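Going by the order they are written in, the chains are A, B, C and D; count residues from 1 in each one.
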Amino acid sequence: MKKIKAGIINVAGYAGVELARLLSQHPQVELVSVTGRSTAGKRLDEVFPHLTGSNLIIETELGDVDFAFSAMPHKESAAAVLPLLKRGIKVVDISADFRLKDADEYPEWYGFTHPAPQMLEQAVYGLPELYRRQITSARLVANPGCYPTGAILALAPAVKQGLVGNHAIIDSKSGISGAGRTMSLKTHFAEVNEDVAAYALEGHRHLPEIIQELNLLQPDQPASVTFVPHLIPMTRGILTTCYAPLTNRLASGKMEEAELRQIYLDFYKDESFVKVTTSPPHTKHTLGSNLCLVYPTIDKRAGRLIVISCIDNLVKGAAGQAIQNMNLMLGLPETTGLEALAVYP
Amino acid sequence: MKKIKAGIINVAGYAGVELARLLSQHPQVELVSVTGRSTAGKRLDEVFPHLTGSNLIIETELGDVDFAFSAMPHKESAAAVLPLLKRGIKVVDISADFRLKDADEYPEWYGFTHPAPQMLEQAVYGLPELYRRQITSARLVANPGCYPTGAILALAPAVKQGLVGNHAIIDSKSGISGAGRTMSLKTHFAEVNEDVAAYALEGHRHLPEIIQELNLLQPDQPASVTFVPHLIPMTRGILTTCYAPLTNRLASGKMEEAELRQIYLDFYKDESFVKVTTSPPHTKHTLGSNLCLVYPTIDKRAGRLIVISCIDNLVKGAAGQAIQNMNLMLGLPETTGLEALAVYP
Amino acid sequence: MKKIKAGIINVAGYAGVELARLLSQHPQVELVSVTGRSTAGKRLDEVFPHLTGSNLIIETELGDVDFAFSAMPHKESAAAVLPLLKRGIKVVDISADFRLKDADEYPEWYGFTHPAPQMLEQAVYGLPELYRRQITSARLVANPGCYPTGAILALAPAVKQGLVGNHAIIDSKSGISGAGRTMSLKTHFAEVNEDVAAYALEGHRHLPEIIQELNLLQPDQPASVTFVPHLIPMTRGILTTCYAPLTNRLASGKMEEAELRQIYLDFYKDESFVKVTTSPPHTKHTLGSNLCLVYPTIDKRAGRLIVISCIDNLVKGAAGQAIQNMNLMLGLPETTGLEALAVYP
Amino acid sequence: MKKIKAGIINVAGYAGVELARLLSQHPQVELVSVTGRSTAGKRLDEVFPHLTGSNLIIETELGDVDFAFSAMPHKESAAAVLPLLKRGIKVVDISADFRLKDADEYPEWYGFTHPAPQMLEQAVYGLPELYRRQITSARLVANPGCYPTGAILALAPAVKQGLVGNHAIIDSKSGISGAGRTMSLKTHFAEVNEDVAAYALEGHRHLPEIIQELNLLQPDQPASVTFVPHLIPMTRGILTTCYAPLTNRLASGKMEEAELRQIYLDFYKDESFVKVTTSPPHTKHTLGSNLCLVYPTIDKRAGRLIVISCIDNLVKGAAGQAIQNMNLMLGLPETTGLEALAVYP
């Protein structure tokens, strides 16, 4: 069978290079073109020695491809993606540029006026566990943010079932690769090693994305979400701990752990990449894999739901999910090229 | 001036050896006796080479001291402390054995019947910021747990002022030294490096301690607390993120950040070891020091209070606070021997 | 094609569980039986949640297999392997029990008398880059130690060519997983994080293995090797820096970097898993992969050869190399199941 | 007693800020002025929150001081230091600008022509263990580099005594803070965490400094030194492993460990900051302290001397040693302000 030719715009960030790694191992797709800015003209495996065996040269413009991923920063990504769509190339956009349905949110959260508001409706939010059918027929998929992936997968079954009143506190702990490959004091080893801190308390850009999706899951009640991300001294992984008051019936003690667990098992029963665990999950058990581990439990003393999720922020939180979306868009089995087990320890 | 002779029961855990380090540098106290079990008979600086210059031999029984610290595990600590008190020696107990006022909590949370319930009332909970006066005249001080220290200092001003209805979600991220020096898979480097996980979701032993103190701060409303600790890959430090719904007046937007901040500044205005910060604090800025950094803020969108605190779990969360208590009990300036700045980076 | 049935004796250490991970992804082999001691009776994916999808139960005795790996500790491994060989099962032994050709070395270095000295000659030292032909027809392969793999691959071309007089200083830096999954203070996170130390200065057990192989490569001159291993705060990876005085002709400046590099390129020209790099390699570029990166250079000022090698100690240093050996023993393409790129960052 | 007024030029790097921390705790010296470039105008404790209690404003020019430290980069440091010397202010220069006695080395190693070659002779190399007397009367002390401090203290007794023929291989493992606070991919957490690599194989700038000092210790034989530094994933600390062939008498087995050890004990018998250990030392046991731990041993099989040293690169390797030099230059007890024990774990 002839392989599908895929390309990556801006391969030089962590999401881009992780896409390159995963695509290099995909049996039905061939990575034929990658672009970069400061790295253009160099061999891909010179800039990223772990991509051994690649003979690609980093280009300034994407070559002839059947399918494209954009790993550009926000605002620039929309500009790069729109011409590709016009040429009939299907695209998964890793940036935030097509995630929000309401164009008015872009000036507020991202500081720019959206160049193609009409596309926001066409674009499908690329969380296959919620939008599989739509993704299958989409031309443009907006790959979710890393934090929203973990948070929404943790809360979706409970919110959908009305177990909680769409109020949630989301406390996320992310590895440093989530801050990108750009240099800053925030990613300097000596500054973040042996350290933990919260950031973006005034409102992280992933918040409107989380609210949008929770509102779609539970339209009866507008989501009231507090989201606090933290950086912790590890490279990969996000652990998200969600807290929500249980609605009255449940808080009164009638809901048992087993019942809650069954709701989650049912919700995710056909999913290849979401596992409901029986004990609090570890990010280490997702490192390098496309899995999301979800653990729901009840704090009976306080009448609160607690759900914990784990993902590898660069796989299920970025590049792996992008390939999952690509597989769906191309009619391939959803797990193709994503079967790798986590690397432990 | 003649130095006070101090001793440490069970020097071989991380709290014990940190006490030894800090006492070695205390100008008014001399560490004259330390005990251990498997390490008895060895030189202290052989077992712990960083304690260079010490010529103490680890003993099986405490020698002649004016003041004692117990760093024994719970249950065993009470047994070790009671005879010392009878001999008129003042004691700071690092264990949990005298922290809870209600003897009935011990069987439930710690699995043993308290051997001296009458002492629970005499013992003072050793959080100087709340109980300075009582500590000054105490013979037995129960040194708070590491998590409760960070959580209570974060919440006390708000709870006391009635800003929140004594409902709180406490999400803590602790370095691995908090799990002790005992060997277990939970502390094996390859297991916890590049990993984060929650634990004790069924109820951590520090929960009753937190509830007890919040109830004392706000007796009108019983505390409803959800507490989830996490282990993250660093050695020292606890960052605690607290979430609480603001009471109606405040949630309606009338409270400004500045007003909240002022409440915290006022509450801690005379404290040497609590600093109200103007941006989210980093555990790295407390490493090796007795400081607690506290950052209160408001999530206006959701009407919630967020307070973040940082401590070094082995200093303000254990040995440093124990020395702070000792200073008060001995009539010494509270900061004596605790002036060291944090080691950064 | 019917898959070959493989088994692992003692799956519960890091080498064993890494074998299980890699075999789970091997297209021609099915992992059908695993044994353990304290974990016997449990599901494999309960003890090791990253092995999701496995339905194996850990057994006390190996079931019906065509091929076996032993990941037992030394001395016990020989006892486990010998009966399998008698039953005609081919074996790769991860332990040291069949690595040394001279039975007299076992009492000295490993503290036991070898139970089957006659097997030491039959067993093939499983470094495919040196013994590919012999491995192909072997029934018992002794998988090399992690340090020897990195050190011998670094030095072999130079020693074979007589560039150095078989004198070498080998300074290795290993991640903590190399110390095994057994608990000890040496692997306690708080002890080894933010720390580095040398160990086994009196003579590490991998030394006789290194000497044996260097002597076979250059029989004219007995190897004089100083080997100092260090533990550094990371989970996986070994970087080995080798120093050797250049023989006179070369030290006098006649050898250029390019010539040296060409010798290495020639030596490894047909190798899938050894790459000669053009700049000092990083262990990160081997994480999770079976690659060994080798970088030879000359210190012209001092007339010394410097060669640096990197491996993932659990893959090329243990389980990956074991599978490479298995592939050869079974007549499969050598790289089958070992194509995964390193996980970066 | 009136305190001496000290200042720091360029407080914003890791050496500068560590000087500020240590000086803040010095009983006889008051830090009265600090300069910075991009941070000028800000409060010191705003840029570095761990320096709590300081009310200094970072300035562009040094104020009125009795004593100055320069933590400027090389070349710029000389330009900053020379005017201070003219004003009669004693200076410790943390940079390399006055370390090398031969002005011709500066163009080769540092890429600039030295602006004041005549000062190179006046300047004293600030290793108190070798040059205490000269430092005491010096006006300008060139503080040694971090790697040379560890390497020279490890080798000095052996080289001085002629145990080795001034041939040495020096393999150093440094924490990332050694690479400075400047941002680069080399210090990006995700790049260096879970990684180790060698660098500067073509010749590190600290090499001429090491050679200069070994030649002064053993003028009979020109030093032939191979020095390879490595970066490992920790913040602070350098472990240096030195290898040297023993001269004939010793290699023939006549030297015992005890004799070697005695030579080291004698050499350092009056030193407060060098400890000869009885087992391989850990960098963790020096974290935050001014100690250098030295462990000499013999590889009897190969006839080589091995010496391992540990320092905290920012204390004994930079700021602590600078203060030790200042104490000597000011006639203060050498250990003043440097008594802090290492922070363990």
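Here, contacts are C-beta pairs under 8 Å (C-beta built on N, C-alpha and C of every residue); 3 or more make two chains touch, one makes a residue touch a chain.
None of these values were measured; they are calculated from a predicted model.
**Student:** Need the graph distance between chain A and chain C over the touch network, please.
**Tutor:** Between chain A and chain C, the shortest chain-hopping route counts 1.
**Student:** Any chance you could check whether B-C or C-D wins on number of contacting C-beta pairs?
**Tutor:** Top pair by contacting C-beta pairs is C-D.
**Student:** Mind checking the centre-to-centre distance between chain C and chain D? Centres are C-alpha means, answer in whole Å.
**Tutor:** From the centre of chain C to the centre of chain D is 38 Å.
**Student:** Chain B to chain C: how many Å between their CA centres?
**Tutor:** 46
**Student:** Going through chain A residue by residue, note those that touch at least 2 other chains and give them in order.
**Tutor:** 14, 175, 177, 181, 190, 193-194, 233-236, 281-282, 284, 287, 345
**Student:** Show which residues of chain B lie in contact with chain C when the two form their complex.
**Tutor:** 14, 175-177, 181, 183-185, 187-190, 192-194, 233-235
**Student:** If you look only at chain A, which of its residues touch chain C in the complex?
**Tutor:** Contacts found on chain A: 14, 17, 21, 24-25, 48-53, 177, 181, 193-194, 235-236, 275, 277, 281-282, 284-289, 291, 293, 339-345.
**Student:** Considering only the defined contacts, which chain C positions touch chain D in the complex?
**Tutor:** 167, 169, 171, 173, 175, 190-191, 193-199, 201, 203, 207, 224-226, 228, 230, 232-237, 239, 241, 243, 280-284, 287, 297, 299, 301-304, 306, 308, 310, 345
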